[in-house]
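Have a look at these structures, which come just after this line.
Okay, so chain A shows up in both of these, paired with chain B first and chain C after.
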Partner chain A sequence: MIADDLMIVLPELLLAGLATILLMFGVFRGNRSTPSVLMLSVAGLAVVFAVLVLRPGAHGDAFGGLFVADGFAVFMKALVLIGSAATMIMSLRYFERKQALRFEYPILMLFATLGMLMMISAGDLMSLYLGLELQSLSLYVIAAFRRDNLRSTEAGLKYFVLGALSSGMLLYGASMIYGFAGTTSFQALAAVFAETMVAGEAPSVGLVVGLVFLIAGLAFKVSAVPFHMWTPDVYEGAPTPVTAFFATAPKIAAMALFVRVVMGPFGDFVGQWQQILVVISIASMVLGALAAINQTNIKRLMAYSSIGHVGYALVGLAAGTEAGVHGVIVYMAIYLFMNIGTFACILCMRRKDVMLEGIDDLKGLSKSNPLMALVLAIFMFSMAGIPPLAGFFGKLYVFLAAIESGLYTLAVVGVLSSVVGAFYYLRIVKLMYFDEPGESFDQPVGGEMVVILVGAGAAILLFFVFPAPLLDGAAAAAAALLAG
Partner chain B sequence: MIVQALAFYLFAGMTIASAVMVIAARNPVHSVLFLILAFFNSAGLFVLMGAEFLAMILVVVYVGAVAVLFLFVVMMLDIDLVEIRQGFLQYMPIGGLVGIILLVELLFVLGAWIAVPETAAVTGVPLPPPEQVPNTRALGVVLYTKYVYLFQASGLILLVAMIGAIVLTLRRRDGVRRQSISGQIGRRREDSVEIKKVPNRSGA
Partner chain C sequence: MIEVAIVLLPLAGAIIAGFFGRLIGNRGAQLVTCCLLGLSAILSIVIFVDVALSGNTRVTEIFTWIDSGDLELSWAVKLDTLSAVMLLVVTVISTLIHVYSIGYMAHDKSIPRFFAYLSLFTFFMLALVTADNFVQMFFGWEGVGLASYLLIGFWYDRPSANAAAIKAFLVNRVGDVGFALGILGTFVLFGVVGFDQVFGAVSGMADTNFVFIGIEGHALTIICILLFIGAMGKSAQLGLHTWLPDAMEGPTPVSALIHAATMVTAGVFMVVRLSPMFEYAPIALQMVTYVGAATALFAATVALTQTDIKRVIAYSTCSQLGYMFFAAGVSAYSAAIFHLMTHAFFKALLFLAAGSVIHAMSDEQDMRKMGGIWRLIPVTYGVMWVGSLALAGIPPFAGFFSKDMILEAAYGAASTHGMFAFWLGVAAAFMTAFYSWRLLLMTFHGQPRADAKVMAHVHESPKVMLIPLLVLAVGAVFAGYVGYEAFVGEGRVDFWRAAVLVLPGNDAIAAGHHVPTWVKVIPLVMAVAGIGLAYVMYMLRPGLPAALVARVRPLYLFLLNKWYFDELYDAIFVRPARSLGANLWRSGDGALIDGVGPDGIAAATRSLARRASRLQTGYLYHYAFAMLVGVAGLISWYLFSQVG
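== the complex of A and B ==
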């Protein structure tokens, strides 16, 4: 029996074993082993990815329902692993140049990734919390990783204090739910709630209060308004590759967890949480669109952009249907590739080995580095949601789902705010193509950056030609979530 | 039965007496030692209730870690006792208020116990019954079988916390002299002692 459980958690088990072995390796070899630890971590993530994807039969519950492996989990975990591996590759040269290369960095990223996988597969409020804490704790540390840098330590401290607060809210909500439902298992909770619905009773007030606190905690983790305050400061202060990591993998994991919690055990209570999600979704989209206009730092701009994107993804979740979940999955997958590409461009922004973060530094990039300007323009057009790029389809599916569920206000606000948001994305394109060039950036950018840039750019550009793999995979994942 | 009652009164009396001494002792080191005595006697009370695991944890965690930490802090700090005594009357009302609030809250807890008798029926029946399985074993059985996933996950979280603390605070300083044990052991006589012939009347 335990053998079956272990087979189901095999990817996580491999990742945990890999992280501890590499930790020992790093401790004994010292910081000069960091490049090899980092490369081995990426290889390990690839192995975990292969094990995860190539064993579609190993689905089911493990450890008495604490851990759930279904099609949804496999799909989201694959995205998380791609995000982690890509950001890990991007960070090597950055830390080498800053001479802040320490072997704990890839190790902590591995542990954070492990926490994300555990979050995605959580089948119980307890495993939800432990996965979330494993992820968050690793992220707090890598946010403050450049400990001699004032802004990095400030980012780490802010993230830690606010993250602890949100964990507290989440735990409070979980305790209320446990108190009023008598169980922490998602399956048992779903059964209890289904009984309440059949009896035609309204859920008890305590339960709703618990649900609200739980949603508040989760909204903090995906940085949805009004729990977004930490995002710009942390994104700006953390080292750039760490920001790239924050903007990709943890967002996807937290969104997957959000989807699993509200659609799984609380699926019968759509009426209770739909209005909350509609409000935070509208607030996130509007704030993401308006607050980014005045930014001059590109990392801050990306923070507001990610707040806005989370708002769009929540539109799909607020619909509360299978089509909505499908939209969220597609949106997050496309968001992942857009962000990896954009942050790869940001990491290439340096002159004489000094990292640049100002938007004005991109002036005239099309003349000094036409390829990078082209790729960045593709990402910006895609983020703005201009067809036929992938970002348009992401928005299309969530808005369609919202309209099917009758949430017209939400869809209209979403479209309007994406028009407003297009302004600051297009401003970057304008700076690159129509302004006088400044000094050019350092060349060459490095082979791995070119691969990531071209790969992500091609994925975004050619999505409309081959949409089937992503759309079918997302549809199967959404169906698996709602069937389970 | 009578032995149990005697043991209870002994432990309870000692706990209260040493708790009073914790705040009454003039020397802070004595206070901490009385605190340790109070912990030991509370552990005895737990054993009488059949909660031997809690008793062990109380001794291991509170005596082993917390009280010793207190002791370190008290001995490290240069505490002027006269100065501390000066504010005693001034802080008395607030201290009393906190005490009264604690007392009222305890009464509320007891009141809930009496007002809703089902609580006792639900929470007062541990599974499995303590007559059959000692509670250390009962805890271990669920912890390492049913909740082994959560147990391991907690272990990983603690590992990450440790790595984080080291990453963020450990610094290698230059100019710190460290003991090199292998260097000391590997030292040979020829490395440090030089034998010179000293001719008469001239010195080395």
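== the complex of A and C ==
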């Protein structure tokens, strides 16, 4: 019995063990060992990835339904692992140059990743909170990782305080749900709600209020409006590799959790939460598009960009259908690659070993570094949603799902705000290609950056040629979620 | 297939000179266009002999153009006497003008372009005259309009040339609307657009009515009036004539081409070509007569006072076209084409001679600054005499035969509009002679009024310009005499065959041959009187014109300002249109569409963006507050919308 459970949670077990061992290793060897700890962490993530993907049969519930392993979880975990590993690789040289190498950094990222995997597989409000807090606590620390830097510590503190607030809301919501439904297990909740639906009764007000609080807590994690306020400040203040990490893996994990909660136990109450999600989604898309226009710092711009992207992903979720979930999964996967690539570019923005964050620093990049300009242009066009790049298809699927569900207003607002949003993405392209160049950035950027840039760029550029792996995988994942 | 070659050779010349002008150079462009057009002219002679003299009328289909539902038509070359005459006139005159242009445009910067346009112009005119259906005719018609626009505005760096080109194009559009409506009306009535099919069905439709803009009327009359409006535009008849004098802004060979061979004759040609329709629309014919006669007189009066040598000739064209139209109006179609042919020779001659004068006078066009140069440019002077004699209608020059025939036919028609046209025509003949000699005397005789530098530079034109002049002079002398018998004399039935239709009882030419003697003599008397008066006023008593002007100043100004047509149109059409446009531009486009549309949305987006980024204060408690407000808002909204 317990052996079966352990087999199901094998990837998480491996990751937890690895993190602990590397922590000991680091403690004994000191900061000198950071590069090796980091490389070992990446290798460990690769192993976990392999274990995760190569055991398709190991699905099922573990520990009495606290932990769920299904196709959806596997797919989202794979994305999270890719995001974690890529951002980890990108951060090595950054910290070397800043002489801020600390072996705790990769360890904390590993623990955060572990938290994310737990979130994705949460089958109970308790395990949901467990995973969420493991992730959040690690992220609070690494946001403030450059503790001698004022902005970094400010970012960490802000994130911590607001995160605590959101956790409080989430817990409050969870407690209300428990109070009105009498259980915290998703399966049991689903059964209770199904009974209510069969009986033709409306869900009790307290239950829905609890759901709203729960959604508020989750919306904070995906940084959807109006729970987004931390995002620009933290993105700007945190060290750039940390920002890259924030923008990728946790977003995917939080979105996966979001999907699992509202589609799983609350799936029968689509009518109840759909409107809330529509409001959040519209607000996120519009604010993400508008507020980014005035930004001069590219990390802040990426913060608003991610707010906007979360809005688009929520369009798919708001549809509340399998097609919608499929759209969300596709969207988040494409979002992951676009963001990894873009942040890799941002990490390459340095002149005489000084990191640059101004959008204007990109002026004339096409002349000083044509390859990087080309790749960044691909990412920008993709984020703007211009065919035939991947970003276009991401938007296409969520909007299609919304239209099929009759959410025309949502789709129209989404399309309009993506038009507005295209402005600031295209402005970057314009700066790179049509403005007079400043000094060129430092060369070379490093082999691992080139690999990441080219890989992410190729994935975005060639998606429309080989869409099947992602689309089929996402379809299977969506089907698995709704079947379970 | 030589008829196809005649039409397409000028097009080939235009394409070669236009697109490969840089490659073949100025000389190459001149050579190619002149040779191809010359070849076309030689083939036209062959065709003329074959078709007009031997009677091999035919239609050669090139390919199907449109085959859609009921509409079916082909590109074709229709050859009968009418189109053979037109082919001959157009290609011969155009060839001479091409050759003349080699000398006249020798110092221009873009010679290949000029020759390409000239050839293109000729091609469109040939496509027009050989059309066997309305749509192909319309193609040629519009193409001629396009080419005239290009040529009038050839010196595109001159604002006046651009204005004139636009004016010509726009005024022609007004007429073209009429023409297009006429074609559509024909299609509605007959269901076909081929000439032969339509003409075959005309007699059956003679009593049909239909409704046009809410008015029920005689179908053929309405259609013919609409078609005639098109002809008025192209042939610069009263009301739509204002573009023609301004078209002088183009190079002089262009004026010659427009006035003699192409463009303005298209309207006359069209009315004659459609004679089977006009014959069944007597009211339309009356309108043609009245408009033609009025134009003949009006333009002659304006020509009396103009001082620009080319403008005088331009108004004389306008006036002569009036003659052609009222000839057509009294069913003397063959007389109209006869005059068209003779006029083509002497008008081309006059224009090219005027060009030679302008060339000699260092680009001076004002006759008040000429004078006393006849000994310096004797050949030009000589051919100018020939042209003027022909224009004035002095025997045995070409204009005598054709103009007398027209006036006799007008009298012979024995109708109100015929008599109206006859008397106006006689008066115009007097004025024609007067202004022709005024032009001759002011330009060549008297004391030199140009400054010494210009006078020292006066020189005869090169041979390449003189030879076309001499050829045209021969035409201006003999064309009338040679053509009389066949065109309007006893041989006319055999000559024209089915090309024109005159209903029994409408044959004004036959009647014109049997008018009283005084009718036959009066045009000549008028011409001699006009010449005499001009001689008195400009040679014997040079002070007389000024004294006369002082006595009848308002009348003089009225004529000098061309009856204030331009001013009238400016006030009625141009200025309201401009102010409407300016208003729509400022308030409609600028304020409304741009202001609310692109600019407004952009400004709104920017201001929203500013506000959105101002939300981000950086204060932790603001953020926390926003979250709490957010969750409170969501809950309240949910409670109000779902539960309450």
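Basically, the second predicted complex is superposed on the first by the 484 of 484 C-alpha atoms of A that agree within 3 Å, B and C clash if a C-alpha of one lies under 4 Å from a C-alpha of the other, contacts with A are read in each partner's own complex, and residues count from 1 in each chain.
Just so it is clear, a contact is a pair of C-beta atoms (placed from the backbone, for glycine too) under 8 Å apart; a residue touches a chain by one contact, two chains touch by 3 or more.
None of the values given here were measured: they were computed from a predicted structure.
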item: Touched partner set for A:Met229, first chain B, second chain C, both or neither; value: second
item: First (chain B), second (chain C), both or neither touched by A:Leu389; value: neither
item: First (chain B), second (chain C), both or neither touched by A:Leu114; value: first
item: First (chain B), second (chain C), both or neither touched by A:Ala216; value: second
item: Partner chain in contact with A:Ile334 - chain B first, chain C second, else both or neither; value: neither
item: Partner chain in contact with A:Leu162 - chain B first, chain C second, else both or neither; value: second
item: Chain B to chain A touching residues, read off their complex; value: 146-150, 152-154, 156-157, 159-161, 163-164, 166-168
item: Contact set on chain A toward chain B in their complex; value: 5, 9, 16, 20, 23, 62-64, 66-67, 102, 104, 107-108, 111, 114, 118, 126-127, 130-131, 133-134, 137-138, 140-141, 144-145, 147, 156
item: Contact footprint of chain A on chain C as seen in their complex; value: 605-606, 608-610, 612-613, 615-616, 618, 620, 622-624, 626-631, 633-635, 637-639, 641-643
item: In the complex with chain C, residue positions of chain A that touch it; value: 157-158, 161-162, 165-166, 169, 202, 205, 208-209, 212-213, 215-216, 220, 225-227, 229-230, 232-233, 272, 275-276, 279-280, 287, 290-295, 420, 423
